[in-house]
Every structure is written in structure tokens, then in C-alpha cells.
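See the structures that follow.
In the two complexes that follow, chain A is the common piece, with chain B as its partner first and chain C second.
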Partner chain A sequence: MRLAGSARVRAMWLAASVAVTLAPHVNTLPTWLSGFAALMLLWLCWIVLHGLRLPPRWLMLVVVGGAVAGVLLTFHSPLGKDPGVALLTAFLALKLLETRAPRDGYVVVLLCYFMQLAQFFANQSIATAGLTLLGTVVTMATLITLNSERLGTTERLRLSGLMLAQAVPFMLVLFVLFPRVDKPLWGLPSDAFGGSTGLSDSMTPGSISDLTLSGAIAFRVRFDGFTPAAAQRYWRGPVMNDFDGRTWRVASARMLAKVPYQVSGPRTSYELTLEPHNRPWLFALEMPGGTPDNATLMSDYQLVSRTPVRNRLRYMLSAHTAVRPGRSEDAAILEAALQLPPDFNPRTRELAQSLRSENADGAALIAAALRHFSLSKFTYTLSPPLLGRDSVDEFLFDTRRGFCEHFASSFVFLMRAAGMPARVVTGYQGGEINPVDDYLEVRQSDAHAWAEVWVANQGWLRADPTATVAPSRVQGGLAMAVPEGEPLPLALRPAFSWVREIRYRLDAVNNGWNQWILGYNPQRQKELLERLGMQSPDWHTMTIAMSVLCGLIMLALAGWALAQRGRLDPLQRAWERLSQKLAPAGLARKAWEGPLDYAERVGLARPELAAAVREIARDYCGLRYGAGQPAAPDKAARQLVSRINRLHP
Partner chain B sequence: MTLPTISRTIEQASRIILGKQAQIRLCLACLLAQGHLLIEDLPGVGKTTLAHVLAKLLGLQFQRIQFTSDMLPADIIGVSVFDRDSGSFRFHPGPVFAQLILADEVNRATPKAQSALLEAMEEQQVTAEGATHALPDPFFVIATQNPSYQIGTFPLPESQLDRFLMRIELGYPDRAAERALLQGESRRDMIAILEPTLTAGDLRELQRAAGAIHAADALFDYIQALVEHTRTSGLFASGLSPRAALALLAAARAWALIAGRDAVLPEDVQAVLPSVAGHRLKPAGESGGATRLMRSLIEAVALP
Partner chain C sequence: MRLDELPAPVPAHIDTAGSATARQPLARRFSAWLFRDHGAEPTPIVLTQRRVFVLPTRAGLAFAGALAAMLIGAINYQLPLGFALTFLLAGLGHSAILHTFRNLARLEIEAGTAAPVFCGDPARFTLRLINCRSNARYALQLRSAGALARIDQIEPQASSLAEVLLPTQRRGWLGLPRVTLETRYPLGFIRAWSYLQPDMSVLVWPRPEPAPPPLPWGSGSAGGIAASAAGRDDFSGLRNYQPGDSPRHIAWKAAAGGGPLLTKHFSGMQAGNVVLRWDDLPPQMDSESRLSRLAAWVERANAGGIVWRLDLPGCSLGPGEGIGHRNACLNALALFGQPRESA
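Right, the complex of A and B next:
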């Protein structure tokens, strides 16, 4: 079958919707498949442009077989999200080459809609939503094309946009009122959460500094009480207790039934929105005054969720910045916090002994050790030299260049060697207030490691050697502390303040999107509806409200459509405009007056306008009553409007 | 061919019928729309002269039938007479067998005679003694009628008025026109030397052209709105019929052709509306003259 005339137009529209639909998938699809789809599109364009036949069935069968085999070879299984999307992509691209009957066109359109939804499996950002919307507009225009050959390209797109705009009120009502469920309606396969970044359960030199190169948001915080100073904002994450000479690991810890310490002193509360990181731990400002739902406090005072954080998670917590926990700590825990691998780092052990002998008091010992750090001319850098077997020795006495994990690691080693129970705490430190929406943004670049030392009668004391060496790190963030010239995420560099400004705004928008669109869960829904005056909304009232509102919108739209009937014609509006313009001069057109008569009357009253008005009236008559309908009535109307606008009565 | 010949025809006619250009145009529009014309006015204002002039200018074969109260249908249609030579009846065509008929004072005849003419107008043929005789083509009737308040008239019923596409009134000439008439030469002599501006073939061509004038959707909307208004406003005893709507469209098309346009405008409709609808509509209550009534109809319907 050769493609000719309207079939060509339809084919091009279908190709356009497929292209717009598949473009955002390129990120997630295997490269060969993107290339394959592009090739199929080009093939179709070639066929259309040269008026050739569609490929024969046997050839299509061969290509389909090849594509399916390719997907199976890539994914080793036809099941799951990614292989499914890949298969559909291949089918969609191939279906284009056999759109013979109108039915085939509808199948392509339907598949396009589905693939647009499938985009949200991979990503739910504003950009994705925008791209999806674009795809939907084009696909809708294609559907219009399949059903009518009358309209031009822009009119099809405009009509499609108009139809979608009319759907917006329904979308809003359904979004706000459709009863929300806590869990997704269907489970996502396990490969849905690959590639999340965040702190891990072990720490080797370099693991945190790699993380800090990412400008991605770790979590956002909105404080209800006071906002603690930057140097006080230690967000506690995994606590590392086991050291093998090179790597720190999380030790197993007990769950605590309730908060084991007395809360007192300054208290603030906040709401934290955690980005998914596929690990169970939650972050809390030291020290948390309670636990969120579905989470427990561990014996090392770390908050752990029952399940890995795979969706954006929001929780409320209180924080007590002055609390020192663990005044009566378990002996076993203290014992574990003294363990050191034997035969490592002899020079550090020596230093520890001398510090120990000089300072009997625990607090004094910590102070002395910190003083040692500040006096020893350490350099805080993101690119420290590689360390050998006795990494702590080499760092403390030779290279003296390192990042927070080096400082924390060596400090804890030093403390343990001096007989003080100590451990490494990882987490985030600081964060930046976004001036646009006043949310505190904590990024991966704020990842940090510090030390915690137990002193009798005082409990666990936080000691941050990094703060001693590079105080600007804890007060002003990474960018202030790292020497010039070192690689930093673009937006963190001081010279790019405008980038930062833009990023603040983008982040605020993103945060709003996350908080209100993606994070619109049953709890949010309840809050919002109660704020709107609904008493204890349940799914019953919501469904009724939804039906009533949808009905009202339908009525409003119908009324609007009726009112607009006959008035929508742009040409008529243009003609009305002329009358409105001349009305102040007492020359408004009478409702029954014909265009030429009107122009004549205006010409008699205002001879200086006569020629122009007569010409406008003549053209209007041609457009409205003339035999040859213009190719683009909108364009002609616009030209008429601009001529009317130029008229100065 | 169209525009120059039409304007020349109008110009020639107005040289004789002074100060009545609008009526001449309407007359011509009625002819081009293939309808029949009813002129209602007092005797002596130029009805017959107008018909004469048109017949002459258009190169049509002309017959005048003077209607009287004792007239019989056979006087119009013709009679079959027994021919002794052939031994059979032979039909003698009456005065109706002409391209342009002037039916003078049609409301002075009895309804029986009237209906003979009106049937011929409608059917384009006459039937006498079982035989059907086709009328010439083009076939155009200009009937004149005295105002019905005059003594000795049988007013045409509505159903028969409907057969006329238009009804116009000539009215008295204005002062200048009357002076020129008084000073000028005899109209009869002028008609005698009048040269036809059109042939019957040209006329058919023009009629076809008028039928092909474009009417846009917006114009149909307007015509329907007008017709709708006559039916629903309560201003009239009964509204316009679909035939009247067709007549309005045909007349407006012809008017647009005369104005030199290739599409009908609302102005064209408005120009012919009083003549096309005036004799088909009766005011529901007491109201001003037909002219005022038509004006109010036009002004009551907004252009869609």
C-alpha cells in the first residue's frame, strides 16, 4: 500500500507522537534500542517523503523477531519493568511501519499514552511531567488528525491543548479528592530503585569525599521551632563501631523500646523530607526526642526504619541539641567502643599513651587531642594522597591532608588507643536555608563524619576534629572549607552565585512539587481537606464531594461552551473589535447593520477613515461571506485584527 | 458580459422611468431570480411603462393582458376551435403565450380568471381541453394591482400572492423627476426607439449566474434568523414559509449579481427583503405601513 494524501499526513502525525513519547525514555532505554526506534522513525519518514510502499509483512516479522531477541539478550528476561518498557518501545516503533487501517493508528495512539505513563516509573520530576504533557498534547492532536482532515497543524495542536485544558479542572478535583492509599496500588519490581546515592554502612577513606561531589538533595527540613546554628546542625546517620585498620563498619545494635535519655534543654521540632536512598536509616538532628512511626531508635542512638527508604519519606521529630546521651551506658557497648585491630598504627598508639599520661580527666584528654589536631597544620582537602597500611599513622604524621572521614577515623583511633570508648558517626552536617521557601536543604555534599567519645558521668560527647582543623566547614559548608581550585559541584563554587540563586529557586519549586504533588499522601490529603473545611474526611465524603464537583465543572464547561457558541469565531471577534473601537465616536455598529452599510456610514461621518474602514469591511465580507474560504482563517482574522488595531479613530 | 450589460440595462431603463432606479433594480433582480413581479400602485404612475421598457430592453416577446371583471380563463390561456378542414379542434394560444406578460390590474378580474394566470405562472405550462402546452422560456409575469381599497377589486388571496417573488410599489415621482417627465418627450416614442441590451440567451445566462452566486453559512444563518423571527416574534399573523425563504435567497443572489458581487451579503438580503416578504406577511395587530413593518423586521434581527 502506497501512502498518499491524508494517509501521509496521518503517518507523519503518528511518527511525531511516537518521537515525542519515546524521547524522554532515551535516558533509561538501552542505547541500541533508542537507535533502533530512531531508525524505524527515519524509515517511516523516508517512506512517507518518497511515497513508497510500507514494508512487506515478512520483513516486519524478521525485524520484530530481531527486536524481541535483542530485548531478551539485554535483559535476560521478558518480565519486569525495564524489559517491559523496552519491549513496548520496540513494538511501538515497529507498529508505525504497519499502520494500514485507521485501527492501527488508534493502537499506536493508545500505546503512546501508555508509554507516556511508563515514563513515571523512571522519574517523577517536574521536567518529566512537562515532557509527558507535551507528548500528550501531540498524541491528542494525532487522535484529532485521525478523526478529521479538516484542520491545519496549529489548529490541531490548539484544539488538543484546549481539550486538555478543559480536562484540568477534573484532574485537580480528582487529584485532591480521590481517596489516597498509603501504599502504591501495585508493587514495583525490585529493580525500581537502582542508582540512589547516600551514605553507606561502611566508611573507607574516600567514600564520603566521593559523595560530597554530588549536589543532589539528601533531605529537606522545615523547622517549627528555632533553627539551630549551622555549627549545631549534626544530622546523625549510621554509627560506625568496627574498624579493621582501613574500613569502619556499622556494628549490630539493639533496638530500644523508648528514648533512653532524659530530654532537657533547648528543644526544636522539625519536619524532615527524606529523599529515597534505599537504606533503612533515617537522619535526625542530634539528639532526637522521639521516634517517627515505623522507626526505632537503636542502642547507638541511630534512627532506623523498618523498611528501606524507597519512597520520599516525611517525618516529624523533635531535637534536643544539648542532650548528652549514655551517662549510664552498657558495659558491652563501651567495651566494643574500645576495640582496635592489633599491630596497626604504632605511632598513633604512642601519641595516645603520651596524651593519656598527661591528661587523667577524660574531657581534658579530648581537648588535648583536639588541640593536637589544630596545632599540627592539617589541610582539609577533597583530594588527599593515598594512604598505606598504617593509614592513621600516615595521615597523622606524614601526609596531614585529608577529608572529614580521615579526621574522624584517626581521632577515634587515637581516643580508643588512649583508652577512651569512641566511635565514628556519619551523617550530614550543616545544610543551607533556601531563602525562597525557607526550607533547609541538606545535600550529599554536606555528608560528614565526626567522632563521639564516652566520658564517665558525662555520657557520649561529640568531638569533631574537622571543626578544629577547618572551622569554616561546619560553619559555612564545604565550599568555604575546601581550598581554591579543588573540584566542587558547580553550584557550590562561590564564583557562581547566580547559579546558586537559580538553584535556590529551582529547588524551592522542586520541593513544592515533592511536598504537595508527589508527597500528597493520605495524611496530607486529610490536612488539606480539613483546612478546606471538611470535617473528618473519609473516602465516603470524598467520593461524594468528587462527584458533585465534577458535575459542577461539567455544568460550568457546558454553560461556557453554550455562551461561546457562535462567538468563538476569531473573525467575528475581529469585526466586533472595529465596532468597539468606533463606539466612543458614536459609530458603534448596529446589530443588524451589514458590513458594507456600516462602513458607508462610518465613511460619511468620518471621511478620513472612510478608505481604511471600507477596505476592512470589504475584506471582512470576503472572509465571512465570500466563496473561497481562506486556507488559514485564523491568520486572515489576525491580519484583520492588526489592521483594525492600527486604526486610530 | 454580466456587469456592463446589467448596468447598461438599468441606465437605459432609468432614462425613461425617471427617479425609480431602485425599483428598476428590484424588477431586474426579480427577473434574474426567475420570479414573477407584482407591482401595486395607483393607476398612472408608470407600471405599464416599466413593463414595456423591460420587455424592450431584454429583447423579450411582450404581451399585455388587461384584466376585467368579466374575463374568462380562456381569454388568457386560449381556446380550441373546431377546424372544419382538418375535422378536429385546434388550439389557439391566448395572450399568455409570450415571454413577458404584463397582467394589468390583475385584481379587477374574478378569482377564476386570476387563477388561470397564476397556475400558468406556477407550472410554466397551460392545459386546455386535455392538451398541455408549454409556455415560452424565459417566462416572466409582471402583474399590476390597484390598491385593494379601490372599488371593484378582488384582492388576491395569500396563497396566490405567494406565487409572486416580489411585490413592489412605484410611488409618485419626486419633484425633479416629474419636472423632467413633463418637459421631456413622449415616453411612448422613447420606448419605440429603445434598443435591446440583452438577448433571451443572455438573460438565461445571467439567471444561471445569479443562481451560482455564493451564499456562505453565515448568510444562511442570517436568512434563517430572519425567517425565524417572523414566525416567533408575534409581530405577524403567520411567519414566512420555506418557499419564502427560498425566494429571499434567490432574490438576494440576483441582487448581489446586479451589485457586481460574487457572494451574497446581508445587505443584499436586506435590500430585497421588503419586496420579497412584504406581500407574504400580514401584521398581527394594527401597525404602520408595510415599509415600516419590514424596516422593524430588519432592525429586530442581529447579524449572526
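Right, the complex of A and C next:
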């Protein structure tokens, strides 16, 4: 079937819809599939531009088969979210080459809507929302094209914009009031979530420094009480107890029924909005005074959620920065915190023995070890040299260049070798207050590892060798601590303060977006509705409010749709006025009377008006029905109107 | 021709006019009430909102289904932007209802020309669609009894003509059946339609007999004009007899000799006056064939520039000539034997 002119316009609009819809998917789709879709689009454009035929059905079947086989080979299964999106992409691209009837056009547009929804699996940022909005406008314009070919491109876009503007009130009302549920309606495929960055349950040299290269937000905090100083802001995450000579791992821990330590001293409370990281642990300012809902405190004082954090999670916590937990610690836990792989790092063991013999008191031993770190010339760097088998030895005595995981790991090894129960704590340290919205932003670049040593009668003491080596790290953040020329994220570099300024603003906007749009969950919905004056909002009252508001919007829009009285144009009004002027003389125009006949009748009855009325009627006919419209119809119409107005019968 | 020469038409669908009687099933009465099916109405007809109906199309139902699926997806995968997109599209669906409705509402329909046609030719009803709004209207469709007319665009404060072509099968008045005016613009998800029945009729003339016998010169006795002229004409030849030829012109001598029945042909037939008389047609012809023949003769006489008179039982037209006389004769033939109209 050769494409006719109108079919070509339709095909181009459909192609534009598909292109706008698929563009945001390029990041997440397999590369070959993105290429395939682009190829199909180009093929269609080629067909349209050269006025060729659409490919025959058998060829399309072959290509469909190939695409499906490709998806199956890539994902090994047709089930699940990613293969589903991939198959949908392939079908959408192919359907484009198969749009023969108008019905096919609707199929393409509906598939586009599904794909626009699917892109939210990967990304729900403001930019994605903007792209989706653009996609909606283009698909609307495409639908308009399917229904009428008479409109120009701008008219199409303008009409879709108008319709979009009319749809926005609905969207707002439904978005705010549609009752939200916390849990999915049914089980999700196992690959529903994935690909988030964050701390892991193990630590090897380099794992945290890799993470710090990401400027992504880990979580945001709004303090209700005082804001602790940067050096006090240790956000506790996975606690690593098991060491195999190279890798630290999280050990299994008991769940505690309640907070095991006495809370006292300075207390602050805060609301933390955690970005999804697909792991169960939560982060808390040391030491938490309680547990959020659906989370428990483990015996290593780590907060763990019952389910992995797959959506942005908000929780309230209190923190007691001066508390030293574990004064009466389990013997088993202390035993586990002394385990070391045998036959590793002999030089460190030696150093530990000498420190032990010099310091009988635990606290003094810790201080001496830290002093050792500060006296030896250590360099805090994001790009430490690679280490061999005895990684702690090599680091402490040879390379002396490392990142926080090197310092924490070697310090804990040293302590354990000296007979002190110790463990590595990972998490985040510091964070930056965004001056725009006063939220504390903690980024992946704030990822940190420190040590915790148990001292009899004192409990677990935090010891951060990194702070000893590079005090500016814990006081001013990563950018202050690493030497110049290190590959920091752009916005962290001091020279780019304007980038920082922009980033603050963008982050504040993003935070607002996250808090109010993406974080709009049942709790927030309840909060907002209560603030808007709804008492005890439940799904029942929400549904009623939603229906009432939607009804009101519908009424308003229906009023707009109906407010189109049959208005006559000035020419027509003037022509009617002529008849009214002549009516007293019994010369009103009859409903069936044409202008020329009417003028004749008037001319016979009132010969003095004949010439004028005939001329008016002739010009009126010319303007209203004339095939050859005058060059300036508006001007001619105005002249005629004034001529009619001047006529005095 | 001028329309006012026509006799007034019988109101179309006289059987359905004012028909909501108690004998009808409830559903039909409801439908008649809902769709205002009250027979032909005078024009201009304004499509008030009471007359415009709106329902989703199949594409619209598919769109609604897609939205439902998207909403379930958004709930299940906890996608806030999924909710937003679904709700935005739902709002667009609602906006489409209004725009589709608005594309049709307050349109005015005026009856245009409805010229008479010969039976078998399509009857051409012209409707003028007047858009008094300051926005253009697009993609309207007009359907009536299987006929379809598309109106792509009506400019603001302008009008467009739409033609409905209906097949004709019987002579007499053909009323415009109920017209459905519909639109799916702008998105195609919604169909807005209105039923209307402008009071328009086309007079269907009898189909002229394809190969009629020659005009009956001087036959019959009435009026002296034709008879006096025909006798003096010169004999110009013979041709095969056709039913309806006057017995006076049959070549009886040739027939008596065993030959075929032949009719004598006179050259003066082209110039004189003719009387076309129903009663002179062979008695075995039924009335429709007679009307057909008379129509053919009227056409031939008119084409030849002849003065003719048409005598029908109970009415006589002419003598006269020209297009006006021809139309009057054809009108009379079309309405012959039909109930006298009341209007």
C-alpha cells in the first residue's frame, strides 16, 4: 500500500510520538533494542519521505520473530518487568511500520502510553516528568491528526496544550485525593527493583571510595531539634564484624526487642528521607533513641527494615549523640569482635603487641593507636595504590595512602590484634545543609567507614582514624580532605562554587519533588489532608471529596463548552439591522428572501432607496457568498457596515 | 427550475410523525423521546445540547481500559508519576468529551436545494451547515439511510454544504430520512452525534422509457391544434410498429399482405403540436409504463422545441413549451395517482 499524502502526515506524527516515547528508555533498554527501534523509525521516515510502500506482512512477521527472539536471548525469559518493557518496545517500533488503518494508529498511541508509564520504573525525576508531558502533547497531536487533517502543526499542538491545561485540574485533584495504599496489590516480579547505589553488606579496599565518586543523594534530613556539628554526624549503617583478610562482612545479629542502652545527654530529633537502595538497612544518627515503624534495632545497633527499601522512605527518629552503648555487652558478641584470620599481617600483629604492652588501659590503647596514625605520614586519597595479600601490613607500613575503608579496616585489625573487641561501622559522615530549603543532604560521596572499640565499663567507643589523619574530612567533608587534583564529583570541587550554588537550588527543587510528589504516600496524604482541614481522612471521605471536586471541575469545563452562543459576525449583524430599519415601512426581510430579491422588493417599494439598497445587497452577497473575495475582506466588510449604518429610510 | 413551481411535498415519514402513542412498546417510546424522533422538522435546526449525544467509541473504550491497566500498574509498582500520568490522561479523556461535544453543539442546519430527479438517478439533498462560533469545526460526518457525506472543516462564522445522495426507486415525493450528524474530533475516543430530520423532499419523476415510440402526432380528438396540423404532413417512410403507435398511422396494406406491422412516418411531426394523452396509450400498458412513456415523450417534445399538451385523467397541462412546461408535466406525472397532499 502506497502512502497517500494524508497517510504520510499521520505516519510522521505517529513516528514522532514513538520517538518521544522511546527516547527516555534508551538508557535502560538493551543497546541492540534501542538501535533496532531507531532503525525502524528511520525506515518509516524513509518510506514516508520517498512515498514508498509499507513493508509486506511476511517481512514484518520475520522482523517480529527476530525481535522477540532477541529479547528472549537477552533476558532468558519473557516474564518480568524488563523483558516486558523490551517486548513492548519492539512491538511499538514494529507496529509503526504496520499502521495501515486508523485503528492501528490508536494501537500505537495506546502502546505509547504504556511505554510512558514504563519509563517510571527506571526514573521518576523532574526531567522524566517533563519528557512525559512532552510525549503526552505529541501523542495528543497525533490523535488529532488521526481525526482531522485540516489543522496545521501549531494548531494541533495548541489544541493539545489547551486540552492538557483542562486536564491538569483533574490530575491534581485525583493525585491528591485518590486513596493511596502502602502495599502492592499482588506480588511483584523479582526484578521489579534494582540498580540502586549505596553501601553494601561487605567492604573491600576501594568499595567505598568508588561509591564516593557518585554525587547522588543517599538521604535527606530535616532536624527538628538542634543540628549536631559536622564532626558529630555519624550516620550508622551496616556494621561489619567478619574479616577474611581482605573483605569485611556483616555478621548475623540478633533482633533487639527494645533499645538496650540508657538514653541520656543531648537529644535531637529529625525526619530522614532515605533514597531507595534496595537493601534492608536504614541509617540513623548515632545513637538512635528508638526505631521507626517496620524496623528493628539489631544487636550491633544497626537499624534494619523488615523489607528492602525499594521506595523512598521517610521516618522520624531521635538521636543521642553522647550515648556509649554496650556497657554490659554479651560475651559472644565480644568474642566475635576479636576474631582475626590467622597468618595475615604479621607486622601489624607485632605493632599491636607492642602497643598492648605499653598501654594497660583500653582507652589509652585506643589513643596510642590513633596517635600512631597521626604520627606516621598517612595520605588520605581517593586513589590509593592496590594492596596485596597482607593488605593491612602493606597499608600501615608501605603505601600509607588510603581512603576511609583502609583506615577503618587496619585500625580494627590493629585493635583486635591487641586484644580489644572492635568492628568496622560503615555509613555516612557529615552531610551538607542546603541553604535553600535547610535540609541536610547526605550524598554517596559522604559514605564513610569508621571503627568501634569496646572498652570495659565504657562500652563501645567510636574511633575514627580517618578523622585523625584528615580532620577536615569529618569537619568539612570530602572535598576539604582530599589533595587537589583528585577526581572529585564536579560540584564538590572548591573552584566550582557557582556549580555548587546551582546544585543547591536544583537539590532543593528535587527534594521538594521527592518529598511531595514521589514521597506522596498514605502518611503524607493524611498529613496534607488534615492540614487542609479534613478531619480524619479515610478512603471513604477522600473518595467523596474527590468525586465532589471532580464534579465541580466537570461543571466548570462543561460551562466553558456550552458558553458559545450563536454570535453573528458584524457583517451579518449589520445586514439584520438593515432589515430592522426597513421594518417600520413594512419592508422587513422575509426569512426565505435572498439579499438580491429583498433589495429588488425594497427598490420597488421605495425607489429613493433603490440604488443604495441594491448596492448594499450586491456587496453583501459578494462578501458573504462571493467566490472571488476582495483583497481586504475585513476592510470591505467594515465599509459595508458603515454604509448600512448611514442608511436612513 | 424554481422550487416554488413545485406542489408542496407530503411531509416525509408521515407514519412516524406524532407517533408516540400508547400502543408502542415502552423502549421505542423512550428512544423516540430521547432522540426526539418526531419526524421532519422545519429548518434551520439548531443542535442544542439537548440534541447532542455523546458516547465513547471503541478506541475510547480501549483507552479507558488502558488507563485502568495503567492505574493498577501505578498502584502495584508504587509509581507516583504513574498515578500522575494516568490521572492526566483521564483528564484528557474528559476534555475530549467536551471538545467532541463542542464540535457539534450549536451547529445550525439549513435545508438547501433538493432538485427533482428521474427515478433511478440519485436524489441530491443539499444541507447547509452553519457555524456561528468563533472556532472552526472539523471532521463532521453526515449519514442518512446508508449515504455518507464528510465535512472536513467549517470555518468560524461560515458555512459548508453537505450533499446526501440517496437512491431513488419510486416516483413521487422522497423525503430525507433521519440524518445522523456525527463527529469524533479531536481524539477519536468519543463520538458525539445528533439525529435530525430536516423537512426536505425531492420529487422523483418517473423514469423516461428508454426507447419510446415517436411522438403521437395528431392522435385523439381533443383540441384541434394537433389534429389539424398532422394530416397535411408529407409521408417520409415506414418503421417498425411499437406499442402505442396510433392505429391511423399503421400501414394496414402492408400488414394485410402478410408483412410485419409497420407504422407510417411523417416528416411534419417535428414541427407541429402534440397531445400526449394517457387515454390514447394501449390499454394493456400498466400505469407506471404509461407514465414512463409520457415522461419520455415530454422529454422528447421538450428537446425538439415542440408545443405539447399533456392530458392525464383529471388534469390537463398546456399546450405549452419550454422547461417550465416540461417540469410542470413531469411533476404531474410524478404525483399522478398519489394522494393529494394536505400541506
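Everything below uses one rule, namely that the second predicted complex is superposed on the first by the 553 of 649 C-alpha atoms of A that agree within 3 Å, B and C clash if a C-alpha of one lies under 4 Å from a C-alpha of the other, contacts with A are read in each partner's own complex, and residues count from 1 in each chain.
One rule holds in what follows: contacts are C-beta pairs under 8 Å (C-beta built on N, C-alpha and C of every residue); 3 or more make two chains touch, one makes a residue touch a chain.
Owing to the predicted nature of the structure, the values given are computational and were not obtained by experimental measurement.
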First (chain B), second (chain C), both or neither touched by A:Q444 = neither
Which partner does A:C621 contact after superposing on A: first (chain B), second (chain C), both, neither?
-> first
Name the contact category of A:L151: first (chain B only), second (chain C only), both, or neither.
-> second
Looking at the overlay, does A:E593 come into contact with chain B only (first), chain C only (second), both, or neither?
-> first
Is A:Q166 contacted by the first partner chain B, the second partner chain C, both or neither?
-> second
Of chain B and chain C, which one touches more residues of chain A?
-> C
Once the complexes are superposed, what residues of chain A are shared between the chain B interface and the chain C interface?
-> 566
Can you name the residues of chain A that touch chain C in the complex?
-> 102-103, 106, 110, 113-114, 116-117, 120-121, 124, 128-129, 132, 136, 140, 143-144, 146-151, 159, 163-164, 166-171, 174-175, 178, 181, 184-186, 188, 192, 310-311, 517-520, 554, 557-558, 560-562, 564-569, 572
Mind pulling up the chain C residues that touch chain A in the complex?
-> 46, 49, 59, 62-63, 66, 69-70, 72-92, 94-96, 98-99, 101-102, 105-106, 108, 132-136, 138-139, 152-153, 157, 184-189
Interface with chain B, chain A side, in the complex: residues 566, 590-597, 621-622, 624-627
Per the touch rule, the chain B residues reaching chain A in their complex are 214-216, 218-219, 262-267, 270, 298-304
